[in-house]
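Chain nomenclature is as follows: A, B, C, D and E, assigned in order of appearance, with residue numbering initiated at 1 for each chain independently.
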Amino acid sequence: MNNIYYLWLIPFFPLVGFIINGLFGKKLPKPVIHWVANVAVWSSFTVAVIAFFDLLKVVPGQRILVDPVYRWIFTGGLAIDIKFLLDPLSAVMILVVTGVGALIHVYSIGYMHDDPSYYRYFAYLNLFIFSMSILVLASNIVLMFVGWEGVGLCSYLLIGFWFEDEEKAYAGRKAFITNRIGDFGFILGILLMLVIFKTLDFVEINKILIYHGETLSVTALTLIAIFLFIGATGKSAQIPLYVWLPDAMAGPTPVSALIHAATMVTAGVYMIGRLNLLYAHAPVAMAIVAAVAGATAFFAATMAITQNDIKKVLAYSTVSQLGYMFMAMGVGAFAAGIFHLMTHAFFKALLFLGSGSVIHAMSGIQDMRQMGGLKKYMPVTYWTFLTATLAISGIPPFAGFFSKDEIIWSSFASSRGGVVLWAIGVITAIITAFYMFRLVYMTFHGENRSPEEVKHHIHESPAVMTIPMVILAILSVIGGWVGVSPVIGKLFGVENSNIFEEFLHPVFAHAHIHFHHYSEATEWWFMAISVGGALLGILIAFYLYIKRTDLPRKIALKVWPLYKLLFNKYYVDEIYYYLFIHPIYLISLLFLWRFTDVYVIDGVGVNGSAKSVRFTSRILKYWQNGDAQVYIFSFVLGVVLVLGYLLLA
Amino acid sequence: MKYNFRYGWWEKIYYPELIRGFYITSRHFFSNLWKWITGRKGAYTYQYPEEKRPISPNFRGKHYLVLKEDGTPKCVACYMCATNCPAQCIHIVAGEDPNRPEEKYPVEFTIDISRCIFCGYCVEACPKDAIRMTYDYHLADYTREALLYKKEKLLHWIETELDKDQPLIGR
Amino acid sequence: MPYNGILIMAVILFIIGITGVMVRRNIFIMLMSIELILNAANLVFIAFARAFADPAGQVIALLSITLAAAEVGVGLGIFVAIRRTHNTVNVDEINLLKH
Amino acid sequence: MLATMLIYIFGALAIFSGLMMILYRNPIHSALWFGLVLFSLAGIYALMQAHFLALIQILVYVGAITVLIVYVIALLNFDQRDLVGKVTILKGIAVIVAAILFIELLFYVGGLYVKGIAPPPEFGKAANIGLATLTRYLFPFEVISILLLVAVVGGVYIAKKD
Amino acid sequence: MFLIVIIKILFVVGVLLTFAALLTWVERKQSAVTQDRVGANRVQILGIRALGLFHIITDALKMFIKEDYVPEKVNKFLHFIAPLFPFFSALAVFAVIPFGSPIKIGGRIVELSIARLDSGLIYLFALSSLAVLGPVIAGWASHEKYALLGGMRAAAQMISYEIALGVSIIGVIMVYNTLDISLIVEKQGELLFGFLPKWGIFVQPLAFLLFLPAIIAENKRIPFDLPEGESEIVAGYFTEYSAMRWGMFFLAEFVEVAVVAAVLTTLFFGGWQFPYLFDDGFHFFGVWHLPYWLIVIIRILTFFAKWIFGIWFLQQVRWTFPRFRYDQLMKLGWKIILPWGLINIALTAIVIMLING
């Protein structure tokens, strides 16, 4: 474990940017604001790259660099440091966070150009990068929790960025409260960890698990894992706490790209990856993770089919893709999960940026039914968007194919997976391809259905927006080539083609998840099935939305109950409302207010204490006559009596 | 009155300006001290009884009456000066000398010097150049009566009392 | 060193201070009496510091002198305020708490 | 021996001045007697090898506190009409109680016998005390400094007009 | 030993009182020379005027034989003792000022200061803080409003400036790392960069710039003589004083001037240190050996030269600058000198840390 003394710079730069913009932004001209913010993030990215190369210099087995900045809490036997940790996992993650973050900062210059609260936006964005890098680089779970809460806060602030709009402010609150529920579990997990491990440092915990893992209570480990996973379901939008993410689309689109697609929502995945040993020791918890993830992936995908809001579709697709990642985590294919996290960050950020570009062009219209035929107006957006769509659909050789296929294959091959999970994965892949191409066709193909006043100023976005998109598109294509599975690699004669997994291997090596061994032919077949599924989805979409545009309506009418169910997202929000929110509201109204507040708090607590004070004071006021000397006299008298008693006794 | 002067940073740091003031006073001190040491006078002060200020040629001091060769006043008691005197401090009683019937002479010629404003009109008015002014400004005396300068005093004080250091230039 | 004598001195000063606080009406003299009590304590601190050759007593005495300075500063501020509102320094008349 | 004698002389002076302080009617006189008490105590400190503290006693107590008290008394400059004391029974009892307390304390103190050891020659020097203050007693020192700051602000605020 | 101390006390008090007496003459004569005047020179004995030096005697005579008028309602006792505070505190302060390097008499080292105290600087401040009692008691005891106003002004000013003074000097303490004034002077004999004497003014210029106005204000000299601002409050706290009691205030003020000059000399101008003169002789392009008695004499003369220069300087200041307004005075003390003093402490600390590593 070597030291690396400049790691603190990564969170430091955005913090400086946040302080400058947050304190003085109101007075600063716009160019200064975005220069400050961008320079801060790009500096972070540069430092991250330098750190990454420094990490590469170390022998693969010992790739753990720490930056002990400051001893934060030191009490009893517990020591919590502000200490940053760089290993392959956090290195990948920090590169993604700062890299994508930097690109989106650039994009935001164009997108947010006319916003009156320009400085606030960039300040929040910098604060987000700061929090996220804390989360990623944290070397103990408490510091990670600081980042975890920090990103939650930024997410809340940015979803409710246009807080003048009641609905958007409500979406922010919803995200915040839903996250709180998850955080509750997370805190319980931390406390339980403290009880079990007596330390909160990841490296220490891993050591304990490696050397004394067998002696620890599996039940306790399972509980910890489940509690932490509850936190992850909140942050990473898994069932049952995913409901906030679609509403989070109320925020500015670059925010959706950065926070609600590429980085923050993957925090849960990252957390499980960070604590992979713990999860490996708790098979039940892993099974729960896999099950929840599979369900999330499937149901979110189905919900995406019927959505008409361009960003909502992407939101549900994000939930679904996160489901994939958790599925990988759940079956023990940690590297595959992280790999998908990375590729997903590229293409999903790109999709959001593309949709942002579209929304920008459409003067704020987000309903796909009013779009169509945008291909000829905005070619760059179209081509990049198409790239990302192919990537997410899992078409080779785009990035999504490699990562997704690896997850699907792992879910079958892993000792902790199975055919059911594999089937869910494949079906979800089909649906994914379908709704993504539905999105593309409805938006870019066909004839333009937009209102007249919008139509004549549809335009391609400025370079400051398209260049990040192009960069991300390139990454969406080549980003997957670092993790080519061995069978394909053999085809091209490349040994050790899965560099990515090899790079991450030291981190996950001790988890010891067993993968069944199958022949290469089997693997090829499975690959063919998933690619075929994706192509099938694309074909259906092509048939329904290009060839027979009248058909979708007919189908919808034929299966009206199902359509309605999907369109209303399985009524989950309503169920939650009647199951939790409404009862609480009723209890508050009928019991807490009418009885507890009026009688207990007001009656006994407030008025009662006042009455008892008044009663006591009526007696005591004869002693309290306002003459200081009498008080002093009583005081001295008391001393005399006590001393006299002590003398005589 | 509104005080509009704003201090700049130079004035606000105080010390440069203080040092400038200090330099000025010290310059005076040392140059004067050097003068004293080298035996010159390093002050503008006159040590009055010992030293006297140089007096302007135009200075108008105490009056005196001019004598003829024979020791009688030149004055012919024409009252010109008394008439002209703005302060009305000249009092003349004319008399006739039977020996010299062609002109009068002053029997009494009194100047109330405590009222005199030293305007010099009497001198200007005199047709005979009989009254003149000196540079002498030592007027102090113990009684009011002593300040009523009689004819005798006006005729003769120059010879007895006039400060010999002061050149007498009549006008 | 006559430590016992010094202790008795401190006790006497302490009692003088206590008596002054209890008996005198003038708030200034009461304040000074309180200071006297503090000084009696300081005397004991320094005496024991000397007796046990431990600088702790002197440090505490130093801190207590600082404390006294703070106390006097605030106390006199209060007196000025009282004088302004009540126009008196007689503690018998400063009994607004009663009403 | 000389030191012991001087300590007793200073002590007697302190006690006498203390008595005068609470007996004088005019607070300015009281304040000056108070100053004398502090001065004699400074003398005792100096004789007990607490030179630094003796000087601090003079600097802070005599130079600042007494001056401040005199200053405020002179500033307020009240007439002494109200200060003719009413001798109440309570005050009589107060004196008696104080006397009892005195006797009780004498019982406690009289039972003590402090031998004492000879401190090293550098004991009580500024460097020594400073070292102790800024190492072992740093926390109380910081607390006191914050207290002092609070007192300054509070004093200004309280005494401010309006 | 005892005898030596008594001799030193007599010497110091004698010198101080002589200086104070001379200062009554210097004050007038220097102002006269500065202002292109002649100054007092009328008194003559047998026709000898001696530049007006005999005025000292006549002034003293006048003060002794004038009627000592005490108004009816003053508090007699306090009125009587008030002038003693500033006078004796000013005299006592000088006890810790070294006026020469230690000399050896009969195998025993004799410090050329009355007392070498471990906390000499604290002693200096402690004793000079006693001087405040004089004006405030005088003002109160006089039972007169101008006197009271003057006393109040004096007390407020002196208490305020004591703080400014204390803060401004801490830098010097930090640099020389001691409170012992004799040691401070000894340390000022070292050389900085091998050529610059390590005098206070060179190592702590900011402290000097803050200390100078603060100590002038502390002694109520022009331009900070608000307590006796004759254009506003007659003569301040000594309005009701006459004859020798007034003379005590007057004398105390002159003693204070002398003491202030000595303190400035000691803390900022190297005290008795002659540049490049060490215990064995001059170190100036080689060593020029000198006998020790000569060195001691040179050093005492150096001290006196610096001291006299300081007195001249203070008097020149007195005759140069106009009086401040009271709010300006308080603003200077609390808002300028105090914060800059704190800044100076911080800077000094940083520099010392950098140098010491």
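Keep in mind that, in the parts below, contacts are C-beta pairs under 8 Å (C-beta built on N, C-alpha and C of every residue); 3 or more make two chains touch, one makes a residue touch a chain.
Quantities reported herein were computed from a predicted structural model and do not represent experimental measurements.
Shared contact partners of subunit D and subunit E do not exist in this assembly. The minimum number of touch steps linking subunit C to subunit D comes to 1.
Chain centres computed from CA atoms place B at the largest separation from subunit A. Comparing chain pairs A-D and B-E by the number of C-beta pairs in contact, the larger count belongs to B-E.
The chain with its CA mean position farthest from that of subunit D is B.
Remark: subunit B and subunit E have CA centroids separated by 49 Å (rounded to whole angstrom). Inter-chain centre distance (subunit B to subunit C, centres taken as mean C-alpha positions): 75 Å. If each chain is reduced to the centroid of its CA atoms, subunit A and subunit E end up 73 Å from each other. A separation of 63 Å divides the Cα centre of subunit A from that of subunit C.
For subunit D, residues touching at least two other chains, in rising order: 52, 56, 64, 68, 73, 75, 91, 94, 97-98, 101, 105. Shared interface positions of subunit C, i.e. residues touching 2 or more other chains, are given as 18, 22-23, 25, 92.
Annotation for subunit A: residues 629, 633, 636 touch two or more other chains. Under the contact rule defined at the top, the touching pairs of chains are A-C, A-D, B-E, C-D, D-E.
Every residue of subunit A that touches subunit C in the complex is listed here, in rising order: 624-629, 632-633, 636.
Subunit C contributes residues 18, 21-23, 25, 30, 91-92, 94-99 to its touches with subunit A in the complex. Subunit D meets subunit C in the complex at residues 3-4, 7-8, 11, 14-15, 18-19, 21-22, 27, 30-31, 34, 37-38, 41, 44-45, 48-50, 52-53, 56-57, 60-61, 64-65, 68-69, 72-73, 75-76, 78, 82-83, 85-86, 91, 94-95, 97-99, 101-102, 105-106, 109-110, 112-120, 123-124, 128-129, 131-133, 136-137, 140-141, 144-145, 147-148, 150-152, 154-159, 161.
Contact residues of subunit B toward subunit E in the complex are 15, 18, 21-22, 24-26, 28-29, 32-33, 36, 42-45, 47. Across the complex, subunit A meets subunit D through its residues 629-630, 633, 636-637, 639-640, 643-644, 647.
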